[in-house]
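The structure that follows is given in the form of structure tokens.
Labels run A, B and C following the written order; every chain starts at residue 1.
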């Protein structure tokens, strides 16, 4: 009787997993179904490498947007990942539990603040600051990178803390028994053991940064020109889609879905390299 | 030995500095919003309907709309996400299929919310004729947060020590009982982290919500009614320049609600852990 | 042995409660659709439409008026595909592929050209404005102002305000380096803070934070717009496929009537000339 209920449970879970994956597949299919005809018509080379985005005149070149998205995302990671992981290490390994109990929720609070609020603070405080200190319009790649970096901090830090906590205490004790200081234990043992979790946090943070739309629209300036420096205004792929989607019909709309495909492919490449890196350095835990 | 102690001190100082910097960012954002918005927040603001295009009155319909939408979305995504994670982690062996699945999930976590919004608009609102509605918005949000819940639940489930499962199986429990009574309870903190991150994201989500749940400022009476969430309301007020004070007031309420939700969840978790310890 | 394991008693109340809540939600959803009107489209007009809907609702509680945003183009497509009974669009001319049979002008709005208060320039010709926006003039000193780069601020291409602005000025290609913002409020905030910026927005939103310049010697005022002299003006349309339903017609009549027009005027827009154009 127990075996039967066990098998039923397994079947139900399989159905659940299939439904979830089906949902995800439907979205992917939807994007591709709308975007592929466009790529076949206009050709990927013109689309990806031309810098001329003028839908009214029939030219759809998104090279500046690709560059802007990459600049902004890596800038955000440069800020968010080190801060997030460092903070996670400090909280998980070097702080008394009472401190963590207070600090972790405080940082997770940041995750609940809507992106439009970040965007608005960026417009009101950060962009003018950049304009006064460094010049340029203020609404720039740098502003977007800082805002996004702060926005992905809670994601990276939360998941990193959980990953570090999941490393069994015996690992640390083994290192201590060999005479290591706490920092040496962390550096040489814990970090390696928690690596997949830390990477998961960073990847999810990166995913959030690439996909962020509202905050970026408000602070990046959205000009269609190729940004020549971090102080230049720029338009990311997501901003391009959001700004024009309500307006676009026909080929123009398909172009925006094709942009979605590009985003999808970029994310796939990033994730694939992350997974390859994991495989090279250590075996999966199961 | 001294060199090691010294490098430890330096490392701790740097790590602590990073933490302080993060906390400073959190504090800045929160205090900025509260300083500008708290003066607007009183009982009337919270409980009354808006008047005069949002320049007067309160934001009660937006508060209700936010709650309904987020709760419905999590209610849809949670069983789906945790179930999938359990299946992937407990019932399958690590093979190409599961790796591909995890890879696909990660990719979908990166799809911009605007695309989900458009998918929701074209599929739920137009094709399925749900109209701009709570249901369309909740289903869209549920699909959006699904990858996060699956990923963090799976991570949490995998981190339960193998020995615990072995002990459970060795006393005669079935796999499902082991999952239900041993694995899930101890993976709960990690699962809750994922759920809270998703809840936070769904509260703040604007682009997907505007296209699917719409922006009607009435009290919703059923799942086919359109709702306006606080985030959408803030966006509309701020961007059209109608009332910056009310906008900040809305943002302040948003921030305080998230704080309340976080506190509540941690308290619930503590009770759960304490009850299990008995 | 399973019979001896205690059942988890607290769980048993959850399922019935859940089912009850679900039924309640679904029951409340079976609303009567015939007496509901949905408007969608222009975000500039959305707050006004909401206020009008509230007032109309107070007088006619049996009719349910819901207002959505999305932008002028969403208004047009929602009216076409039926997601909304009335589409709202603030465009100077409706695009040719918007085959909307019935269009009502419900209001008019002036577009003010704005610069930072610290900018000495007080008057610009339409030709000069077009040159600035096309990128031909890049520095304020070429216009007699200080030596400062011009930061051109415009709206997204789906904005009714932008297409009206560009149509009236004469078609041109917007400079590549122009900053694009997605709302009147953020345009205003950008211009208010950047000494070299120039932008345009609904004239009802001009505040002390920015300065409206004269266009061809004329300031943006209600009198000059009504007199037809200030040329940066656009109408706000209500669009319906075919004849509006009785509920929709009731609302449109209210908006075009004295109470509706007074409400519109009180909040900074201009009354419509009641013209009904059949297309």
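The rule is simple: a contact is a pair of C-beta atoms (placed from the backbone, for glycine too) under 8 Å apart; a residue touches a chain by one contact, two chains touch by 3 or more.
The structure presented is a predicted model; accordingly, all values stated were derived computationally and were not measured.
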The chain whose C-alpha centroid lies farthest from that of chain B is chain C
Dominant interface by pair count is A-B
Expressed in whole Å, how far the mean CA point of chain B lies from that of chain C is 31
Dist(centroid_CA(chain A), centroid_CA(chain B)) in Å evaluates to 16
So chain B residues touching two or more other chains come to 238
For chain A, residue numbers touching 2 or more other chains are 2, 242
Multi-partner residues in chain C (2 or more other chains touched) are 70, 182, 186, 189
In their shared complex, chain C is touched by residues of chain A numbered 1-2, 54-56, 123-124, 127-128, 131, 137-139, 217-218, 221-225, 233, 235, 242-244, 246-249
Residue positions on chain B within touch of chain C in the complex are 51-54, 125-126, 131-132, 135, 172, 210-211, 214-218, 221-226, 236, 238-242
Residue positions on chain B within touch of chain A in the complex are 4-5, 7-8, 11-12, 14-16, 18-19, 21-23, 25-26, 29-30, 32-33, 79-81, 83-84, 86-88, 91, 94, 99, 101, 103-116, 118-119, 122-123, 143, 146-148, 150-152, 155-156, 158-159, 161-162, 174-177, 179, 189-190, 193, 196-197, 199-201, 203-207, 230-231, 234-235, 238, 247, 251, 254-255, 257-259, 261-263, 266
Per the touch rule above, chain A residues touching chain B in the complex are 2-3, 5-6, 9-10, 12-14, 16-17, 19-21, 23-25, 27-28, 30-31, 82-84, 86-87, 89-91, 94, 101, 103, 105-118, 120-121, 125, 150, 153-155, 157-159, 162-163, 166, 168, 181-184, 187, 197, 200, 203-204, 206-208, 210-214, 237-238, 241-242, 245, 260, 263-264, 267-268, 270-272, 275, 284-286
As the complex stands, chain C meets chain A at residues 2, 70-71, 73-74, 77, 97, 151, 156-158, 173, 176-182, 186, 189-190, 193-194, 197
